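In the part that follows, the structures are each spelled out as structure tokens.
Two complexes follow with chain A in common, the first pairing it with chain B and the second with chain C.
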Partner chain A sequence: MSSALPQVTAIARRSVVRTSRQPASVIPPLVFPVVLMAVNAGGLRSSTDLPGFPTTSFLAFALAVPFIQGALFSTMNAGTDLARDIQTGFVNRLSLTALRDWALLVGQLAGVVVLGIVQVVFYIVVGLTAGVRFESGIGGIAVLLVYGALVALSFGALGAWLAFRTGSGETIQALFPVLFVFLFISSMNAPRNLIGVDWFRIAATLNPVSYMIECVRSLIITGWDWQALGLGFGFVILLGIVSMALASRALRTRLTRT
Partner chain B sequence: MEPANGIEVEGLVREYRKGPRAVDGINLSVAPGEIYGFLGPNGAGKSTTVHVLTTLLPPTAGTARVGSYDVVKDGPKVRSLIGVALQEAALDPLLTGRDHLRLQATLQGVRKDQRASRAEELLHRVGLAEAADRKVQGYSGGMKRRLDLALALVHGPRILFLDEPTTGLDPQSRTALWEEVSLLRREDRVTVFLTTQYLEEADVLADRVGIIDRGKIVAEGTPADLKAEIGRPSVHAIPRNDADRPAIGEFLSRFGEPLDTTRDVAVRLREGLGLTDIVRAVDQNGIDIVDLELRAPTLDDVFLAKTGRTLEGAAEQAESEQDRP
Partner chain C sequence: MVRTWNVASGVARRTLKNALFNPQIAIPTIAFPLFFFAAFAGGLSQVAEVPGFDFPPGYTAFQFVFVLLQAAAFGGVFTGFGVARDFEGGFAKRLLLAAPHRSGIVLGYALAAFVRWLVVAVLLTVVAFAVGMNVLGGPVDLLGLYVLAALVNFCGFFWAGGVAMRLRTIQAAPLMQMPVFLILFFAPVYVPLDLLQGWIEGVASVNPVTYLLETGRGFLNGDPPHVLGAFALAIGLGAAFWTWAFLGLRKAEAAGA
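The block that comes next holds the complex of A and B.
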């Protein structure tokens, strides 16, 4: 029987190659979050004058958002691709080889992580080019790369779960906007303590996405805020564990091979 | 000792939760190195049988051994022995032919230093060397089928399952694929389990044919034996005026039992009668026809004799049943 590492590598390579050959899957996750960030940074610049705003650069404040938004985009694409593989019978083709079940999931997610890291590098370069100073320095940038990989892995597993569960790319595309609601009802545009509307502040406080954004944001504008890092890593790891468990279970149901 | 590359199936049943019994207690045996044609209309149970034999679906009841391994207990061992080209080619349109072969070779455990050469060898074998580095989305139907066959062969399987490999192909591509399959059997002694809805394909390629209808095998044997079982030829007349069909049908029924055909009026000749008897009678009675043809029994006749329907009619019926809400 074939060993697992080449299988994982081959599946991951295929995932990266096919994504890189679809400009429509590569460009929007990179460009759209940056454009939205630029628009927000232009329109909300005066927010930095509010007493208690944590930085004088709204761009530095907003740079955290693309990290999460880009991950949502790319994992939606990864989930849709996987669902399409199920619909077209490509997963059956893979099932007929010596591929181990878990290697299919891990390989697919490894591809998502590689693409996630590429995105993070892009956002960091955009930030540096725009003059954003990373308060946590080189070490913080390294942590951002690790965090970006974890976010891609967790959201990727969520996409894989939806793909294995529904087997329909259309359903995944219909479901993912729901996840974007979590992004918008978060601290993406203002620190939670400065949100004036009570229900919004409470919703943002209960929303795990707020802590993911604040984790990234702390590395950019604060330095080493261990509480923000702990909460951010904690929530993303929790999401990852739950998503992986769901995806593994859905995979076993989907692959009925003996 | 290497496992034998035959197939043994006993009482195989596959039921879908909310659907019909797709495979209904079939028994079959395929000898090592044999090409077995599994013939039947759409929805007869051919693809479900292939899915069970290739370990993609567990059977509801019965046993199946492929290459002496049980498909339920020894799934991974069965998969290591077989090559499969399913009905839907299921290729990634964004990968090239070479990408596909490398991926498949890796997943099938072909040694790293052999993957590139194996891919090259297969690309040449199926005539895709020039198109190897083009994305599959630009391939024709025939090229996709050939790539699919190459993928099925990447690890040198001893048993090959081909599920309707030539459906939708032009005659030239079909013939090329037939030649390749024959070559595999002749040179590599590969056992081939081939499903098809084309009579000619089963006739030309298969050593033995199993005819399946509504999940049951209704006839099995060599094409020659099956046709000999029917024995008598049929006579087909095309009336000059469509309105004369009933009268001509009645006239021809004096020479044998009427056949249910749509294109012409036909009877299966009674023992001892020949075309000359009919020609003489047509002449004497002034029957107005444009063509009269004597046909040797075909596998379609076998299907008709066993099921009361033609293959074409059965396919249309299956389609209308699928369309029904």
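The block that comes next holds the complex of A and C.
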């Protein structure tokens, strides 16, 4: 374990430095979700007049979405970076060294988690600056930071699995719309009980992304809703465990092939 | 004229083959408008219950017009990505050498953008009617809506194509995409203009896309407002971006692509 730590640290440092040196990997995950949130908050403000809408501020309601949308970008970034490592032969060269396979995975994901935490801090600052009041207070913000790191880790592991499985950055980019479906068909723009179209409400209820968004949303507009927190953390941890297991297995196969 | 058409049809055929039969390009082109339509018309249907919302054909029709215009604009922009890729990969250089009438190259890409959008438009229309979209306008109104969307498609392509021919790299994709995305979403996407509040209301009031959207929605309602103004605006913008694209072609020629 002690000999693996420097390996993890070296890969993590490389991952963080590489991400920070690519504005295209840093800026869109920060800016794009916030722009979309601002547009939605402006355009859908009047929907807070609907009976049963849980808050009078659509911005507070919409602030939860960038947390998950940013994580989708993390998936793409993690996957594309790893795929590039595979395509350029970097993973092949690593396989000739004493590097442990899980150290490569953990180190790589560390960079994604760092970016994930930066994203969460950015979204919280944007929310506070725009006048959003976090009902769960400072404690809730601390929970959001932990949750943001977990979300980035889980989605990053998903991206890593896709990269090890396909070995192609282009394929991962092409999968982006597929992941976006889960975001669109969720409670991102309306509470589930206010979705009028039956099939959409059922799909949103079956979609784990709805619960991931509602977890963040509960900390912002409700306070401490243990059910929402339990479901949100539960689905994120489950996604993380499954993705990590798939990514580890795909990595072993990839290293065996090479 | 015949030689220009030969070049245009050749470029269009090749571009369409890439756009419609390469899954990595075809899937986002087709899937994104359908996702947007499902998310907006399905997830936000209760917005029609907001006090003051008055659009008799219903919320599905209200969102259909936005998604149709959005698909038109992005069909053009995505074709612009293809132009940039062709320049980056050196194919456009060979094309410039081979084509007797280079304007045919731009026209070919524009034709491909149009057919690409047409495929999406047909699919979107079928889905919209399948989920019960109401249309109060007649066939002429519907034709008006599709012609308006086709003009938006040309505007989207000539804008993106002009950028692509100036910068000649796929790294220019955000520059082609972001302004179009912003101008579309700074319009009354979810509710009519008079229900918008705050900064977005001010921006939407001066956004030309607002007028195109209102006219397009009016076509489905059978009572389109400012039709002449909307078409004049779309044709004017199309002419401006046409000039922008052909000046871009001149720049690419001067740079030796």
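Basically, the second predicted complex is superposed on the first by the 254 of 258 C-alpha atoms of A that agree within 3 Å, B and C clash if a C-alpha of one lies under 4 Å from a C-alpha of the other, contacts with A are read in each partner's own complex, and residues count from 1 in each chain.
As a working rule, a residue touches a chain if its C-beta (ideal position, glycine included) is under 8 Å from a C-beta of that chain, and two chains touch if they have at least 3 such contacts.
These numbers come from a predicted model, not from an experiment.
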| item | value |
| --- | --- |
| Three-chain arrangement built on chain A, chain B and chain C clash or fit | fit |
| Touching partner for A:Ala110 - first (chain B), second (chain C), both, neither | neither |
| Touching partner for A:Ala83 - first (chain B), second (chain C), both, neither | neither |
| Which superposed partner A:Thr256 touches (first chain B, second chain C, both, neither) | first |
| Chain B versus chain C as contact partner of A:Leu96, first or second or both or neither | first |
| First (chain B), second (chain C), both or neither touched by A:Gln22 | first |
| Contacts of A:Ala10 with chain B and chain C, given as first, second, both or neither | first |
| Included angle at chain A between vectors to chain C and chain B, based on C-alpha centres and rounded to the nearest 10 degrees | 90 |
| Which partner, chain B or chain C, touches more chain A residues | C |
| Closest Cα approach, chain C to chain B, once both complexes are overlaid on chain A (Å) | 16 |
| Contacts on chain A seen with chain B and repeated with chain C across the two complexes | none |
| Contacting residues of chain B [partner chain A, same complex] | 54-58, 71-73, 75-76, 78-80, 82, 84, 86, 88, 90-92, 94-95, 99, 102-104, 106-109, 112, 135, 151 |
| In the complex, chain C residues that touch chain A | 23-24, 27-28, 31-32, 35-36, 38-39, 41-47, 49-53, 174, 182, 185-186, 188-191, 195-201 |
| Touching residues (chain side chain A, partner chain B) in the complex | 1-3, 6-7, 9-10, 13-14, 17-18, 21-22, 85, 88-90, 92-99, 256-258 |
| Residues on chain A engaged by chain C in the complex (per definition of touch) | 24, 28, 35-36, 39-40, 42-47, 49-50, 170-171, 173-174, 176-178, 180-181, 184-185, 187-190, 194-197, 199-200, 204 |
